[in-house]
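Naming follows writing order (A, B, C and D), and every chain is counted from residue 1.
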Amino acid sequence: MKHIYLDYNATSPVRPEVLEAMLPFYREQFGNPSSVHWAGRQVGGALEKAREQVAAFINASPAEIVFVSCGSEGDNMAIKGSLGALKEKGNHIITTTVEHPAVLETCQALEKEGFDVTYLPVDKDGQLNLDDMEKAITEKTVLISVMWANNETGNIYPIEEIGAIARKYNIRFHTDAVQAVGKVPVDVQKAKVDLLVISGHKLGAPKGVGAIYVRRGTRMTPLLHGGHQERNRRAGTQNMAGIVGLGLACEMAGAEQESYYHRVRALRDKLEDGVVALVPDIKLNGTPNRDQRLPNTLNVSFAYIEGESLLLNLDMYGIAASSGSACTSGSLEPSHVMGAMCVEVTLAHSSTRFSLGPETVPAEIDKVLEVLPATVQRLRDMSPLYNCGRTSDNCETCQTIKRI
Amino acid sequence: MYTDKVMDHFTNPRNVGEIEDANGVGEVGNASCGDIMKIFLKVEDNIIKDVKFKTFGCGAAIATSSMVTEMAIGKTIEEALELSNQAVAEALDGLPAQKMHCSNLAADALHEAIKNYREQNG
Amino acid sequence: MKHIYLDYNATSPVRPEVLEAMLPFYREQFGNPSSVHWAGRQVGGALEKAREQVAAFINASPAEIVFVSCGSEGDNMAIKGSLGALKEKGNHIITTTVEHPAVLETCQALEKEGFDVTYLPVDKDGQLNLDDMEKAITEKTVLISVMWANNETGNIYPIEEIGAIARKYNIRFHTDAVQAVGKVPVDVQKAKVDLLVISGHKLGAPKGVGAIYVRRGTRMTPLLHGGHQERNRRAGTQNMAGIVGLGLACEMAGAEQESYYHRVRALRDKLEDGVVALVPDIKLNGTPNRDQRLPNTLNVSFAYIEGESLLLNLDMYGIAASSGSACTSGSLEPSHVMGAMCVEVTLAHSSTRFSLGPETVPAEIDKVLEVLPATVQRLRDMSPLYNCGRTSDNCETCQTIKRI
Amino acid sequence: MYTDKVMDHFTNPRNVGEIEDANGVGEVGNASCGDIMKIFLKVEDNIIKDVKFKTFGCGAAIATSSMVTEMAIGKTIEEALELSNQAVAEALDGLPAQKMHCSNLAADALHEAIKNYREQNG
């Protein structure tokens, strides 16, 4: 059976060129870049080259790039490091209800330590109201953290406008750009962000490496204390192969960004149009305005059926997608993003994300559209909720699936 | 994640559907947990002659529903009341730990259906 | 020129078998282990196998192993996570003056937050006095953190005895075993440790992966908040290739540990004897009892000359070693370990570490012994301190190079 | 890390040693910083006829010492006093940032030696 991978927002294969570039750093050039001898010198240049590649990709300078181990570490570092350094100034963070757990759980942990957090709501399409944001700002606000694009819905947030608000009030601005980079243009100057996080494995570099952009002059307490690596910003021997891979992946993603956008968007639109046409009783999750969504992401709920069983059925055809169902979330609750959008609870359990990638081809989309309608129908025929006139739970109940 | 037996019952669930003239119906679970199981019984002479299910839920929910119908058919209602969620999970060669709690409710649904049968047929 | 790598305590090449085992996880098996579909299921088994391999290596159970990104992260997590979870119980940590910066700087950061830290002194050989440790224990002591073996001197600390003291007073015990694993037997049960940290790149796995052993029932606050990976202990998509590599490296190191010990110790002893015989005016740093030192480590100071220039001279012969000199430390001070042992300051600047590895061969040791005496002499002839009757700075001055 | 010029002066330092009948000697740095540079001068008719050095220190310290001796020879002491640490670093095609502070003291040592010469021969 042919595999059809439509879960690029979860992770992506390493690009062949990237793997090629990484290989020498495991054995021939295995040195520690902190060493003064040949083994260290052999790799120092590669480390700095990767830093330049990442910097160029997001319009930063190399000295503003710190390599970390993953997107989650970057988000933790951005938030805890900022709050630690800005303690004297204030203790209030503004973020949103739809952030990745790496941001949300970090904020919740900080609340336990006495920090104040405002979680901005979103509307039913998952969009923010920037007036809410401005109103939430107080004298104590030291950090605004809003993701560039949402991993579940693909919604793209108005980062430039938020950056302008943050500047206006002189508040530090962090954005989790893990899902945005490579898919839409990302420019830290235009967006006026102070901290921006990327993760290697979402853009063709390996798992276990990421980077954080730290605008010059942005004081941070370290998340990892120890050695002097990364200009004292992040201790730990650098993951040379991963870093070299991330550098090249950024360079390639930058060069291909426009062609990627058009190619993958055409495929996603074809899938979206097909699903809407072929499957009744569905709900699109996220903004209907496709220009405001990542070009590769489609999130749709299939009424009356549960997400995991749909995924497993698709999996039997080799189709890999993901779900907001509690059964796949690792927690006991369905997706907090669906909750924040006040998606009715059974629909939240059935929310299904298809996320396309650079290796996706039209025949794969055709296959999904061939298989999906009957699969959904088969599960509906098995469902006690289908065709029984039962009304769905109202939005009161749906509150229970919100985490915040 | 799932055993072969679970996947077998999930992909080819036995006894899916409703019984028009059921004389016992039970339902457990709720939508916020993501699992609802509904069991339909046809009891004659204290024996479960037919049993069908409808389930909204994950792979484990569907597989346990299917398995419990197979295990119940032909049993007396007293025997069927002995059937535990644990026994269903074991018959499927086990379930992932995180599924034991939420999605392993099929025996409960069966017991609810029997209760309903008894209420109706006092 | 042939390269002679004698800096295995800094980092090591990835073992060929390990690299081989890692490769499939970059492209063919690129899935995210949290995914329910084929791509996720393909890798879940490998993740758990690696966990078993690491666990078996240190006599733990798989559920007690948490994968992290490096030794530094493990140390930060062990200490901050313990102090966070045990806040109600107390606020006092006992550690030593010779820990790795990942422990020392973490403790110093915690001091700023109001925690109390006792840094136990060492004697001139770098050894601890366990009476001091027992005396330092107070009602408020919640954590003892002592490294299993020191990265600079190779001194092995009496972990089993410290474990017994910690148990007696019911205090949690963390050990940084980054330099110990693979070189000497490490058994978490015998040693009665609660937390133990290892780093992949010191034992033939790649940079960018490590593990922490967390004894069952040990409450910890997370260092990285976010997703549900690693049973909620460490957020972030797992570095599959790195983890698979770490698992195999542990298995291999476990199997070869005894033969490794004898082989590398014979070579180190040959080097040590040779240096002592051939170079006058030297000082061995660390315990003279070779049984209490890692089998692969020799740290020696060459009076009158500075470490970096010696390293660079050795480097011209292809010999890679490392130094406690300020010039190579990334900070402006010479090694804090030399400072803690009250090594006279110029000797601290000249401390030179040779650390051997599994790929070291006798001819390499011969070459070092051939080159070293003349190289040292050449630098001495250039030194204003040599043959001038100047007395060295006394131990008052040497205090200034201690960081604590 | 180091430029080719630094490595050249480090591996083949010029004018290493002492001058027996030096008429100016200067020393800067101290052991705790890891750098000590000592410069010996032979000044005749206000001209630096010979200059030698001894240095305890890192690669940069040795290379700057060597370079400063080359730059000083033949100069008048006034010219030599114009020589700056910066000029020495530039003559070596630059030094790593972290070395500029501690290890780039050779011109200072030269100036100390000149001062000493002037005191002796005031």
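Here, a contact is a pair of C-beta atoms (placed from the backbone, for glycine too) under 8 Å apart; a residue touches a chain by one contact, two chains touch by 3 or more.
From a predicted model like this one, the values you see are computed outputs, not experimental measurements.
Student: Can you compute the centre-to-centre distance for chain C and chain D, using the mean CA position of each chain? Integer Å is fine.
Tutor: About 39 Å, centre to centre.
Student: If you average the CA atoms of chain A and of chain C, how far apart do the two points sit, in angstrom?
Tutor: Roughly 35 Å, centre to centre.
Student: What's the distance between the Cα centroids of chain B and chain D, rounded to whole Å?
Tutor: Spacing between the chain centres: roughly 90 Å.
Student: Could you tell me the distance, in whole angstrom, between the mean C-alpha positions of chain A and chain D?
Tutor: Computed value for the inter-centroid distance: 56 Å.
Student: Enumerate the residues of chain C that touch no fewer than two other chains.
Tutor: 36, 308, 312, 327
Student: With chains as vertices and touches as edges, which is it: line, ring, star, complete or other?
Tutor: Shape of the chain contacts: other, as it matches none of the listed patterns.
Student: According to the definition of touch, which chains form touching pairs?
Tutor: Every pair of chains in contact is listed here: A-B, A-C, A-D, B-C, C-D.
Student: Okay, in this complex, where on chain A does chain D touch?
Tutor: Residues 36, 41, 44 of chain A touch chain D in their complex.
Student: How about chain D: which of its residues touch chain C in the complex?
Tutor: Going through chain D, the ones touching chain C are 10-11, 13, 16, 27, 31-38, 54-62, 99, 101-103.
Student: Spell out the residues on chain A that touch chain B in their complex, using ranges where they run on.
Tutor: 304-309, 312-313, 316, 325-327, 332, 334, 345-346, 349, 381-385, 392-393, 397, 400-401
Student: Hey, which residues of chain C end up touching chain A in the complex?
Tutor: So the residues of chain C touching chain A come out as 3, 5, 7, 10-14, 16, 19, 26-27, 30-32, 34-40, 69-73, 75-76, 100-103, 105-106, 108-109, 199, 201, 206-209, 221-229, 235-242, 308, 311-312, 314-315, 318-323, 327-331.
Student: State the interface residues of chain B toward chain C in the complex, per the touch definition above.
Tutor: Chain B residues touching chain C: 1.
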